[in-house]
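You will see subunit A twice below: alongside subunit B first, and alongside subunit C after that.
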Partner chain A sequence: MFSIKKWYKILYHKLFHLDDRLLLILAGSVTGICSGLAAVALRLSLESVIEWLHPYRHYGWAFILPAIGAMLSSLYLEKIAREGAGHGVPEVIYSVSRYGGLLRFRSSFSRLISSFLTIGSGGSAGPEAPVVMSGSSIGSNIAKFLSLNDRQRITLVGCGTAGAIASIFNAPIAGLVFAIEVILGEWKFVNIIPIAIAAVAGAEVSQAIIPEQVVFNHQPFQVGFSDILPSLGLAMATAIISVIFTKILRLSGKLAKITPFPLWVRAFIGGSIVGLIAIFMPVVLGEGYHSIQAMISETFSMGLFLAFAAVFAKIFSTAMTLGWGGSGGIFAPCLVIGSLTGIVFHRALFALFPTIGFASEGAYALLGMTGLVSGVMQAPLTGIFLIVEITGGYETILPLIVVSSISSTMSHYIEPASFYFKELIERGQFLRPGTDARILSDLNINELIETDYVKLSENMVFRNFIDILKTSEQHFFPVVEDETGEYKGIIQISSIRRYALNPGMYDMIFLNQIMDTKVLTASQENDLQEVLDIMDINNMAIIPVVENDQFIGMISKTRILDLYRRELMMQTSIH
Partner chain B sequence: MNYKLLHIFRNTPFGRETFLQSLSFCKTISASPYVYIPKSDKFLMYFNNDTVQVDLDHSYLTSPDTAKKHAEILFAEMGIKPLFYEPKNFTASSLPDISTNFDYLCCPRSVSDISSKIGLGHIGPRVRRIIKHATFPVLITSPVFKPWKSITVLFGGSENAVKALKLGLKIAMSSGLPLEIYTLLEKQNETHYKSLIEKEELTEPVNQLSQKWHYYKKNDFDTMLYDIPHDSLIVLGAYGHGIMKDILLGSKMEHIQSTLTNNLLIPGPNSSVTLL
Partner chain C sequence: MKLSIIELSQHLGVATNTIERWIKQGKLPVSPKGVNYQFHLRDLEKWASKNNINLNLKKNGNRKEKESNIPLATAVQNGGIYFDIQGHDIKSVLNACLEKISDIPDDFKIDLFDRLLEREKALSTGVGNGIAIPHPREPLVYLNTPIVSACFLNTPVDYKAIDNQPVSILFILLCPSLNMHLHLLSALSFCLRDNMFVNFLKSRPDPNTLIEKITILQKTNLS
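For the complex of A and B:
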């Protein structure tokens, strides 16, 4: 270990000192490989357990399997890994926005295990978000090992995400786009290259270990001009379904929280309900890749009404799995719900206009998937590239773009925050680079406090103050108690003119008689946004900072502007 | 200077001892204790290059309805204004982020209510990680409330030992209590250590504030530990070289923990200490 660190230090100072791009590319490749391995491990173990459990699925008692899996998953997360349930993507975005991508090491494996238990037993969830969490954590911890700075660490978090998505779907471009569009939120030259390389590394790892791995077999689709108009309709349908899906997911989580049961009991209840639904509609089980393949290859046997019911059954099952304590992501459920929506839409279209030659059902399943992914995540590029890459359906690219753009726009119109961002926005913690909120949150309040202020005693005679004034350039003077140093008020030059112009009063008044005690104060615990709000509402250019009754210093708008500009330049520089 | 100490409150008899120690420390050096009453059994601390999740045992969540009242009573007993810390940010709904913008943090020896562990002087792994990454010194309290009347710096000559010495001087300045320095001579002689502090421009404050500098031969480790006053605050750097490294990381740790029940104040490798 020591020699690795030693060599790293030599390399860092000799080779990477002037330009860190090479370092990021190397570290990014390692991150991509590691996160790719994590994704492959999850995928292989899921396949094994699903295959192992398959013969038991037709027994009546099998409905309990998802319940047991969800229960074990929640117990593992709560008691062993000591992490909260859920898919973890907001946690990664939060860490990138607020703490330079710092993530716990335990997150690199905890979600893999918990989602294996949930999905393997039949819970309705996807393995993608857990591998994103795992990959991001691997990137963050590699950055920690290499003692990289925040910017470099964020890039490696992106590398981990891209490597994981690229590996699980065998789709490097989708990995790159997802990492930048959803996780980092900024397209920067310095990020793109390492992330692209990490995505390729992740996909290559996946291909090397599972050479026969193709998520969905490619089918040739004939998409013509006559499909553009129906695409608009499908886009609207997927947008509406996206919003319904997002709302039911959130509602389910809130509902679960108000129940008096512990988490593992909730997870058990949620899993049982999923198991019961699966007796009548097995399509809701697990990640659902087999059903998607059947829909793309047009061998899906459900009729129009049953498929329509399956859309809502899958939405409900996913909500019961994830909202009630199971672990996993919404990516795969989005693909299942989207392809079902596409199938339903195509069959309805065919029933209404039987003579028009629309594209095949499989093509509409693809369009539906894009629409759902774009609508739920409000990430149109991820939707387009993911579907194109995993299905090889480049002939559908034009309607894919139409569906993706309209679905994400419409769902944004109805529900301004995507599923991943909603919680963060509600907590006021969705801070994208270069935005006002992010810059303000990145400024350290202690950096803004100017401390070189002369403090005056409340018992000082006004004449003595005039003497100090003659040699001082301060416009504001904090007044404190003699013994305890407790802050009492402030003297503003502008408000004491009438006394200053009347020398007869110099020996007659004390500072505690003329100080302003009503000036609002800030604390070091305040966020800068809160301080600015106080200043704006009260039309203040400068505000005293008082902590535990002690005067600390002053914060002025001039100082804030200086540091704001510096931070803005740093965050928006092209490198 | 208005120093701030963060205390994670535990509403149990053991917790009361730790809290009294925090209050006493703050009163002695004129710092403000901020009390965090946990509402969930874990929290995160984001440091510069690491994030530490502190998993609390259930004793920290004992009788939440009386916790604040109990803390206020102890504040009042010590004549200190009650200050409570409320986390503003959350990584997940049940995972608050605790600010690292404090000057000191008070930790029990182990974030656990298992009294046998505490009695043996076991320093828990989470406490070690906090020490390793914290940008502020960590006060590790004695198992029971024990006011200290002097300051002892264990000075081994490492970079972190210099931090410890500066911290000891700083505490001596703000408390007005006597300071003594203890050095175990391993490979160097007394002149080496003196030249070290001269290089750090600490000779003057050391001469002014320290009452005595004790030197012990390498084999006199146990004698040195016995000679340290039982009612002294021990300031030592973590992750130093030689014996000091062993004290906190190696086999010597359990020995010193079970030998000395004093309060420890430890600046970690990432903490910065200035005299002013």
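For the complex of A and C:
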């Protein structure tokens, strides 16, 4: 024990404080390896449980399996891990923007277990979001262990995310791009290098441990010039499917909330519906990597109409799994739906123009994936680089960019917020770096309050007040009760001027007769956003802060502007 | 519905120059129409909700409706002018005055008397030159209009005024709201600073000339 402490101290003081960037690179690679391991662990356990359950799949009662899995998973999350349901990515984004990437250690395994239960039993969800949650929590806790500051912790959260995605798809650049595009939201020089290293580390881990089970083995495709025009059509199709997918996901979540059942019953219902669908269409089960592999390597056996039905069956069963209490992400379902859409599109194209030499079905499956990833997550770069890395070459880059940009633009037009951000925006928690909301959320009311105000008694005679006024520089005087000090109102110099110039009034009135009692007050618990809204609507330049009937101080617009500007400079400064 | 630059600038609380600059920088959803820019309300609402901006589209009219202030002369007319008030100290004088004022419902007279005394205890309302302005500190909500009753005492009483002179004239000031109270108090104290007016009061004028005099004085105050 002693030697660990000693080594920790040596490491901490001698090595890590050498250079900020070196420290981040070292910690980042460790994070990448750890989150890569987490991803591999989830992949391997999913594989084995699917294999183990495979013989039972053809029984009639097998439809109950996803129901049990989803129920156990929601019970686990709710009762044992005590974390909210859902996929976790919005929580990571919020934590990055609000709490400097602080995540609980528990999160590094809780989602892994719950999504293992959901997906392993056949629920339609993706393992990426749980792995991202777990990876970023590992990064956050490594930062905590090294007692790093918020900025460095955010970088390590990005490293965890990148490592996880890179490890699952064996695609380091996609991991890097996903971490920056979706999780961090800003391209900063200091972030990119550690995250890139973490991504490569994560990908190497999965390559080393499960080389034969990597989701997408590199596969070159021939995409010709004649595929540009069809890819426009495919982009439209994927955009429409993306919007439908997002809407149905959210709708089913809302529907589930209005049912009177507890969460685990809901999860059970959702799971059994997925199981029933799977009797007719087993492609909807699980995370669907096997069907994706089949589609890319062109061994997919479904016909045109059946595949078309499968698109909607997968959408519906994903909504039933995630919306009704199952645990997992939407990345893998996006890929499955995307590749199904691509296949349907290709087969329809082939039926209409049998003579033109289009690219293979697998290429269209990949293009469809890009379309869905760009449309649903509105992360066009992630979509492009994921497929570029999977195909291992830049031959497909032109149609990829066409599909990705059109799909993300079109779905952005219909649904301005991506699936990940929508929840945050609705809760008012979408705080990207350098935005107004972010600065307002960082500034605390207590930093803004000016407290050096002379308080006056409500029973003071006006003449005494005039004497104070002569020497004071205050423009506002809070009036309080004599004994309890309770806040009563405020005197504004501007509104008492006419009495102050009339000496006949000096002995006639008391302060509580001329104070303004209708001025709205703020409390220390208010958000700055709320306070500013009150001030804006009522045209106030200054607002008293009152807590438990006691006058605390005043917040003025001048002071807000001053601090706001400083905060903006600090937040957007180059580190 | 369409909005012009001027309308939008009023809603957002910025200058029209600012709106023009934002248009040039491509920050607003504008639909150019000839020389004049116009904004579609639907586009603006979408833009505002996306950027978390408060458009302030509801017309907030002038909420500060001005309370119509009654001139002092009218208030004195309403309150009445009473002569020959009997009494030898503050209490008896005030009591005698309240007896005469007919605007106060009888049920409230005792309460009002207490309030007037309380005010005198806190600080004398004797303003000097033998004049006092008794009034309660809180507004009297049961009154319809503010009243000022001028009461001339038979014998001057000791009122603990600032100049220690005995008081022979009382202006009892009763208002339904704080605003009117401050307004009438201010007007009254302006009149009482005028020495000619004070001497005129000492001569115990008849009611009509007193009100006439106050009206004239008020005009000089306002001008």
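In this text, the second predicted complex is superposed on the first by the 546 of 575 C-alpha atoms of A that agree within 3 Å, B and C clash if a C-alpha of one lies under 4 Å from a C-alpha of the other, contacts with A are read in each partner's own complex, and residues count from 1 in each chain.
Note that contacts are C-beta pairs under 8 Å (C-beta built on N, C-alpha and C of every residue); 3 or more make two chains touch, one makes a residue touch a chain.
No experiment lies behind these values; they were computed from the predicted model shown.
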| item | value |
| --- | --- |
| Combined model on subunit A where subunit B meets subunit C, clash or fit | fit |
| Partner chain(s) touched by A:D507 [first = subunit B, second = subunit C, both, neither] | second |
| Touching partner for A:L26 - first (subunit B), second (subunit C), both, neither | neither |
| First (subunit B), second (subunit C), both or neither touched by A:Q524 | first |
| First, second, both or neither for A:P416, with subunit B first and subunit C second | second |
| Subunit B versus subunit C as contact partner of A:D533, first or second or both or neither | second |
| Shortest span in Å between Cα atoms of subunit B and of subunit C, once chain A is used as the common reference | 17 |
| In the complex with subunit B, residue positions of subunit A that touch it | 82-84, 86, 91, 94-95, 98-99, 102-104, 106, 144, 147, 427, 429, 446, 524-525, 527, 547-550, 552 |
| Parts of subunit C lying in touch with subunit A, wherever the complex brings them together | 13, 46, 50, 52, 54, 56, 60, 122-123, 125, 127, 133, 137, 162, 178, 181-182, 185-186, 188-190, 192-193 |
| Interface residues, subunit A side, partner subunit C - complex | 416, 436-437, 459, 461, 498-499, 502-505, 507-510, 512-514, 533, 536-537 |
| Subunit B to subunit A touching residues, read off their complex | 2, 4, 32, 41-42, 44, 46, 49-51, 53, 55, 81, 83, 85, 88-95, 99, 101 |
